[in-house]
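Shown next, in structure tokens, is the structure this report addresses.
Should a chain be cited, it is by its letter among A, B, C and D, assigned in written order, with residues numbered from 1 in that chain.
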Amino acid sequence: MSERFSIKGVVPPVVVPMTEDGEIDVPAYEKHLNRMIDAGIDGLFFLGSSGEVAFSTDERRRQIIELGMRINAGRLPVIAGCIDMQTNRVIEHAKAMEQLGVDAIVATAPFYAIPGPTTVANHFRAIKEAVDLPLFAYDIPVCVNTKLGWQELAELGAEGTLDGVKDSSGDDVSFRFLVLENERRGHPLTLLTGHEVVVDGAYLAGADGSVPGLANIDPVSYVEMWNAFQRGDWASVKAIQDRLANLMLITQVTRGAAGYGAGVGAFKTALWVMGVFNTNQMPAPVDRLTDENVEAIRRVLMDAGLV
Amino acid sequence: MSERFSIKGVVPPVVVPMTEDGEIDVPAYEKHLNRMIDAGIDGLFFLGSSGEVAFSTDERRRQIIELGMRINAGRLPVIAGCIDMQTNRVIEHAKAMEQLGVDAIVATAPFYAIPGPTTVANHFRAIKEAVDLPLFAYDIPVCVNTKLGWQELAELGAEGTLDGVKDSSGDDVSFRFLVLENERRGHPLTLLTGHEVVVDGAYLAGADGSVPGLANIDPVSYVEMWNAFQRGDWASVKAIQDRLANLMLITQVTRGAAGYGAGVGAFKTALWVMGVFNTNQMPAPVDRLTDENVEAIRRVLMDAGLV
Amino acid sequence: MSERFSIKGVVPPVVVPMTEDGEIDVPAYEKHLNRMIDAGIDGLFFLGSSGEVAFSTDERRRQIIELGMRINAGRLPVIAGCIDMQTNRVIEHAKAMEQLGVDAIVATAPFYAIPGPTTVANHFRAIKEAVDLPLFAYDIPVCVNTKLGWQELAELGAEGTLDGVKDSSGDDVSFRFLVLENERRGHPLTLLTGHEVVVDGAYLAGADGSVPGLANIDPVSYVEMWNAFQRGDWASVKAIQDRLANLMLITQVTRGAAGYGAGVGAFKTALWVMGVFNTNQMPAPVDRLTDENVEAIRRVLMDAGLV
Amino acid sequence: MSERFSIKGVVPPVVVPMTEDGEIDVPAYEKHLNRMIDAGIDGLFFLGSSGEVAFSTDERRRQIIELGMRINAGRLPVIAGCIDMQTNRVIEHAKAMEQLGVDAIVATAPFYAIPGPTTVANHFRAIKEAVDLPLFAYDIPVCVNTKLGWQELAELGAEGTLDGVKDSSGDDVSFRFLVLENERRGHPLTLLTGHEVVVDGAYLAGADGSVPGLANIDPVSYVEMWNAFQRGDWASVKAIQDRLANLMLITQVTRGAAGYGAGVGAFKTALWVMGVFNTNQMPAPVDRLTDENVEAIRRVLMDAGLV
């Protein structure tokens, strides 16, 4: 079994820039990753929900990781999403990621076919057995329809199947119970929140770090918030989180878009407006944001002082 | 664009037999397909939700189709599911299926990443553009979280993007509106119901055929029901459907299982008890049914005169 | 315990006409009920979901029943909804209805506070014990979040707690299982479908009758469909149902409305356009349909030959 | 229009003790309210979801308020839930509460009949117009199926319709956006969180107070947490919240119960085990917790030092 892997701090789920014709925009990717690394983040999470994973062929997944790791050049630990419907395909992705040399992998509960009561634990155990890498559970019921139970997660941590949890469940009560149970068991799990608007509350609750999509836009502030938390300066933590929550309005001010197109679409548009990306092109079949939606996002960025 | 493809009658979604160690059980597969073809079914739908698609690697998908087509030997039209999260991967599957020579393909709405208002139509159009094969939309919100609208489906049919719909939505009101709208537009879509317990009502509503998972267990009765429908003998249609609904209790009598493990698990167990399959092995990470659950299924089969 | 109550045929859930200032419009109510009774319907279901029950004070509920029964003048059996959050209030309504002399009452599963595993059966038993009237269970998960299980309903029927079920669940599979189980137990329950667009399929499945909201608009056709069913003329059953499904498009052609305002709003608007109601006023806080929505409904009615 | 009402701090939603035969247990009620008031709470919220509101007749609602206000004897402000399906009944409750002299009222979005886009705002405006009392919106989608939007709430606050929000939505992202928007508009709304396990995060986010069901069990700790928050002692806030989250396990350790019976059932059982209540009797049709479930709750209370 792999050694216990641990990570702390800010680990952005990397949004991937595309060219107009749908290829990875390598110069923009380089600029984007360097900008975040220079801001002082603590790790990189590739192929998460905001990282095109659902839209990517196996070859595209490989490209995203290979290019990302080449740019990163060992500066930060790399975590890679192995998101697919059921165990066998997840294991294929995990083996590919292992060969590419990532530091840890992330898998969701199985989806599409509805899991029964013992299926979820079977799933994580089979992945762990197949691949000798630290394994994070990705709790994202909005995408996979299953909420991972805090007792089950803690148990899978204690037995050595899971090394951490990336919580994007929006269920802060369950997260609190998980934190406390994980403490009682000696902290086997690294607990990261994906909840970018209430990271302050998650830190107060005991999270080990955050995976905020919005850190693609403003990595400096998330690093500052982490540092303020480390020195116990809660007034600053709160003030920075408020600022970031206002910046998150980029995902709330658009009209006529929904789901991935509104969420990641706003991130890509902001990075384009800010000059980090060369376009806000989205993966097919998702339409990019246009016209007044771009302007609405620009206004939020101006209010935030980012353009 | 492909010629307008049409199919009528009973098209079972094929359940795939496995060996104890998780390989395709070729002799059982042969026995199973021949048994259904001999019963007089009208087509074969491989890689549907009950056909292991979510649990299969690309290689396993290829095996299921290749072996299935070799056994079928051109006797019946073959429809293949191209189920994956988003458009790019669906197109990869579709191209693989095209090379294998299937007669039509089936795709769901995109899932995992949540689609916005125009995403679904974009998705089907991109698949159709990429692959010159008849394309069915698979409406299965319980797995993909999106209900396909009847107006949108009819429109995609009229424009030539879709050739048919496999309806597993459980929304008979929407299905009725779809049937009527499809008639108004000159019947561009072949409409198949996946609702094995109320196929009689779907035929009455105007379905062109059915894709009943339960036809794996009792193909003869579904063929008889179709024939009775063809000759307008509604008393027989209803009587046969009642008998089949009672047989469907195999999915209701188990305890402690849920989702795929209870549904397809019951199908595999019944086929094993009946001697068609050599085991009721399930794809990992799903547990097979055991002990009193097997006995409960056996009792339903005995009541139905199938063992 | 009350004698076993039974009803067959078409039992419309009565839509109640209001005046502009929100009172019951008595002349329109009279015209409306007489029009349906003259069409040959078999019973009247007051205070259902389309019958203003959720918007009515106890006093208004009393008025709806008193006026309705005065107009009915004993011509047809009267069933009254006793819809409220939990058992105690349902029993208050039930006792009021008993005093008003209705023939049977209808109650949903408890809602707002989430019921546990034994709560639903407790609930129906407590109502039956409190009031000596035939009791129907109203299965409407879209409003109350609980789907009544077919095994539980059949059990409550066999023990004498329930006399019938009004199924508005949209789950035709469960309804089929219920019909078959009810037969096995000697038909203790009268089973009515609320699914106005697929009543034909419900009759084929074995429903004892229907509670179609759309029968407020076109009672004659629902009566004709029932009669065709009685004589086994399935071609006519289907043709009439198709015609009625096209009429049901009044609920699909509006824009900007949703929920009750779109559904019952369309019924009231149609009755107003047809001259049965004097206005399409809705109970506060629901806005009535206006302008192009009224015109869209008028066009559907013209296509149906009803204006 | 009523003057702007404001409240800060800890406002428990009062759990009501019953006798074995289902009446209000007046001595226990007195002991319970005095215990909380003596602990230093800041207000009393009667007839919330944990306060039997859904199970209460109008007469029982009146008793709960009358007795509660007699015991309170003006020591603390009193807020009363006016929970019912739609506007007209809510207004009846509101008028009854006005006559009883409560200080503010609380209403949810309309439920059972599904609201359309403008219905919710119409609803709150109609209540405010009918009754001259401060009005809180109760955001509890798990019971009423509608999530109140933060923009709409802030707008209703700014126009004077709403005086506050009790947030039991579990959606901390939306709550954060609401807090910030409310600040931008000059803080028209008093914002209370009902999320007893993460009150610390809500205080950090900017909540004006909390409505924690668990404060019925341990009011002292919630008061201490509020005081620690007031003096900026976040280490203590977090430590107290952790302690309280562990106490909240009384709702997680039972088996076989669900919904209201597991949640409020655990609160009543704890108060009974602690000697504040004389029984853990529940309102019909909900079963009380028994045997090993009582013991499991007792163990949590012992770990917490409360028995």
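What we mean here is this: a contact is a pair of C-beta atoms (placed from the backbone, for glycine too) under 8 Å apart; a residue touches a chain by one contact, two chains touch by 3 or more.
Worth saying up front: this structure is predicted, and the values here are computed from it rather than measured.
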item	value
Reference subunit D; chain at largest CA-centroid distance	B
Centroid spacing, where centroids are CA-atom means, of subunit A and subunit D in whole angstrom	35
Between subunit B and subunit D, centroid-to-centroid distance (C-alpha), Å	49
Interface hub residues of subunit D, defined as touching at least two other chains	none
Chain-level touch network, classified as line, ring, star, complete or other	ring
In contact (per the touch rule at the top): chain pairs	A-B, A-D, B-C, C-D
Residue ranges of subunit A touching subunit B (in the complex, touch as defined)	49, 54-57, 60, 83-89, 92, 110-120, 122-123, 125-126, 142-145, 256-262, 264, 283-287
Complex contacts: residues of subunit C adjacent to subunit B	170-173, 176-177, 180, 195, 197-198, 200-202, 204-206, 232, 234-235, 237-238, 241-242, 245-246, 248-249, 252
